[in-house]
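Each remark here refers to the structure printed beneath this line.
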Amino acid sequence: MVCAIKIHEKPKLNNPVLIEGLPGIGFVANIAALHLIRELKADFFAEIRSSSFQDLAVTTETGGTRSPINQLYYTKNRDGGRDLIIWHGNTQALTTFGQYELCGRVLDIAEELGCHFIITLGGFKQEEITKTPQIYCAASDPETLKKALDLGAKVMVGQIFGIAGLSIGLGRLRGFKGFSLLVETLGTHPDVNAARQALSAANKFLNLKVDLSGLDAAAEKTRKTLESFGIIRRGTKEKKKEESQLRWFI
Amino acid sequence: MVCAIKIHEKPKLNNPVLIEGLPGIGFVANIAALHLIRELKADFFAEIRSSSFQDLAVTTETGGTRSPINQLYYTKNRDGGRDLIIWHGNTQALTTFGQYELCGRVLDIAEELGCHFIITLGGFKQEEITKTPQIYCAASDPETLKKALDLGAKVMVGQIFGIAGLSIGLGRLRGFKGFSLLVETLGTHPDVNAARQALSAANKFLNLKVDLSGLDAAAEKTRKTLESFGIIRRGTKEKKKEESQLRWFI
Amino acid sequence: MVCAIKIHEKPKLNNPVLIEGLPGIGFVANIAALHLIRELKADFFAEIRSSSFQDLAVTTETGGTRSPINQLYYTKNRDGGRDLIIWHGNTQALTTFGQYELCGRVLDIAEELGCHFIITLGGFKQEEITKTPQIYCAASDPETLKKALDLGAKVMVGQIFGIAGLSIGLGRLRGFKGFSLLVETLGTHPDVNAARQALSAANKFLNLKVDLSGLDAAAEKTRKTLESFGIIRRGTKEKKKEESQLRWFI
Amino acid sequence: MVCAIKIHEKPKLNNPVLIEGLPGIGFVANIAALHLIRELKADFFAEIRSSSFQDLAVTTETGGTRSPINQLYYTKNRDGGRDLIIWHGNTQALTTFGQYELCGRVLDIAEELGCHFIITLGGFKQEEITKTPQIYCAASDPETLKKALDLGAKVMVGQIFGIAGLSIGLGRLRGFKGFSLLVETLGTHPDVNAARQALSAANKFLNLKVDLSGLDAAAEKTRKTLESFGIIRRGTKEKKKEESQLRWFI
């Protein structure tokens, strides 16, 4: 299967912007995307499972189950703003192969909906951060870069790991333009301050007028979800150890 | 190939329940499924091999060979009970990719036979266990959860690894309902007490009337089979070490 | 690609026996197969490359190159004996997935040529061996087992790793009968004595009348080939360490 | 996807030679290919991305992004020389499977353009090197080997890792002829001296008349590119450590 996609609705969108918000460094994008979905009352329209996700289910507090999944939401006809596709999820793929496949499939869907612009959010890991963490950026082309710089971002120097970097690169191959906004973070916990910076910039660029006062709730929800999947350890900064191949056996 | 499936018979079943019983924590499901197959005289109808199983054969005591395999059995027209599909095997897949593929293929077959309900059994690893180990549960939806709670299970909090968790999640994507019954176990040996608890609950839910007095024999058979594949070490609690890539060479 | 197959000739064979002779424990099968090919003047008819082989070429003494490869040979109309397909090569696949794929493709070819019987040779690793190493066997079915036991083999108890075990198992799924002959070996070097035992038994079973006096030459050729691929280290018993993912880089 | 190929132009070439120049030992081929592209003003015509490349983007000094990629260039109607296809890139694939796939796809393209000859360049790692490093060679066949020996190369004894070896082997399966030129190098840094030797030989064989005075610039550009991808560590000889599976998470 690699990716199993279920599309619940094919929205008609007008030149939408794709915002990537999967878990990554400092969980900046993941918090920001969740907050956007809530504040903009975005509509859920597609879900993606990949055989490169973890092979498990986690339980909810009420005895339900939750699986590793990526989900797409949209907003349209926003007052004064562009239509949006928001890419949220509780995991990225575990293998390079899975990452390319996942990214390719989401870009397929976005392209089909008329999307040619992508914004990826993320953390830029630092040993120390200032109170107002700096935003860095990189873009598909000089013209788009200028737009990111105009938001107060500085030019990023380094590597953009995972889907945040991959989707800019694979997008460009299809003629997408786009930029990454990467906010300074210690990267060791869901970083609500960094997410606020990222959202402020996105707010400005997309004319979103999203209220950021409830951002702590999105960070807390993100923390709980990722803890349940073992991606964040409860109360520690410890990295998840690579699972044994025969993990299901004892 | 990924999965090679050989279907020996296509049974006509009436709204059957799929019971997953592969080796996992404490081998609870594996013992229980074997016992069900024996006691219900279930009919073997399909076998599945995956390129994500181990690449070896093991010998039987009498010079025969046994391969890593999953098998499907059915029972129908049981006096007072629903038709069943029992998913048994001597291994799960070694990779995440293989797990998703295996699970998807078995759900394909089950769906084709009219199945929309899955029960997965398993162990819930604990440092200590009481004499009558507690059953925990998680379900695809609140209504189904209630059925599991009615069997005396408590709400599970944690991760359900491997096929037991995956099949609930992938099933839900296809409209399957279902629950996991996870019994407390040390997880270090084939746990006949935990399997007895799981079977008692399944007995009650499915109106099975299966005699549990011969369960030790199923546990002993399970232990021997898994030892022959090196999944359980003879007389130890040691985990199987990851095989070298060139294992076939010396 | 996984497997790229080039068939140079489609021989018409009469109910042939497939003899597997890839590198494995003690290189027993590899030496035996090479000797058979030479002594029977078997005809080369197919070659298989797999993306699960090593990604390299090795040089010959004369500046040529050799690649990881599997090759099929045949003999037909032998005086008093059955037609043969001999499966030789300088490697098995590096991954479980690759092993299943490779094995499946060779069985495809064999089946198409009318083959329904497979003999796999191999080493059975022991800490100590006697001067005349014992042969052990396992078979697809009791009738075939009896044929192997009649050759002086004892019933094998244990695991048959790699293609030697896999091809018996995957073959049975297609209706192949067959047995494995596994000879005691220290497993640390190309073991000419073990290969001699294996060939003696094969000679007897297949009515081959192959002269074994030149077996040392086949062992030496096998050692040189496998050394050039780094599968045997020059002058040591050391196992090959897993290659770094970025091995091509420094 | 495995490989995503974008062909921008299908040049009409006359019996072209494919020159492989990916990063490898001492980065000999990578420097040499870049220099050829610049000096011959070769035309870019195809790009290849693979899901076996790293899943990241790196930033350029000016805020742009660069992705792991392979690119094909051509030159035609050169005064007195054969048409060329130059295979350049900032990475090889991370897995054996990916290497075979990548190599197969490039050979597909080359074959379609009428190419039947391949030259692979590379480093031959030594503990010490002389001032004028020796060139070693291996070839698809004796006739082609003679051509390489005539360039002053000695017969290579050893393994040719990665695409440099693989493409000779996979090429031969399709009827390509070709040779590898491997220059002695410490292998720990982009080795401009070794690249000069390789290019001198290629110059001679292909009647290229390429000026080698600007080779330092190509080496410096290669070093910077590979540093940005983390393939060369800034100022050290350290190998890149295998990335954690969940690298994107902290």
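Assorted remarks:
Note that the chains are named A, B, C and D in the order they appear, and that numbering of residues resets to 1 at the start of each chain.
Following the convention adopted for this analysis, contacts are C-beta pairs under 8 Å (C-beta built on N, C-alpha and C of every residue); 3 or more make two chains touch, one makes a residue touch a chain.
From a predicted model like this one, the values you see are computed outputs, not experimental measurements.
Across the assembly, the mean Cα position most removed from that of chain D is the one of B.
Taking only C-alpha atoms, you rotate chain A by 90 degrees to land it on chain B; that is to the nearest 5.
Copies chain B and chain C of the same chain sequence form an interface built mainly from non-equivalent positions, shared numbers / all numbers used being under half.
Look at where the CA atoms of chain A average out and do the same for chain D: the two points lie 36 Å apart.
Residue positions of chain B touching 2 or more other chains: 94.
Taken as a contact graph, the chains are arranged in a single closed ring, with each chain touching exactly two others.
Looking at which chains touch one another, you get A-B, A-D, B-C, C-D. For chain C in complex with chain D, the touching residues are 1-2, 4, 6, 47, 49-68, 94-95, 228-230, 244-250.
Interface of chain D with chain C (complex): residues 22-25, 92, 94-97, 99-101, 103-104, 125, 137-142, 145, 148-149, 155-166, 168-170, 172-173, 180, 187-188, 231, 237, 239-240, 242.
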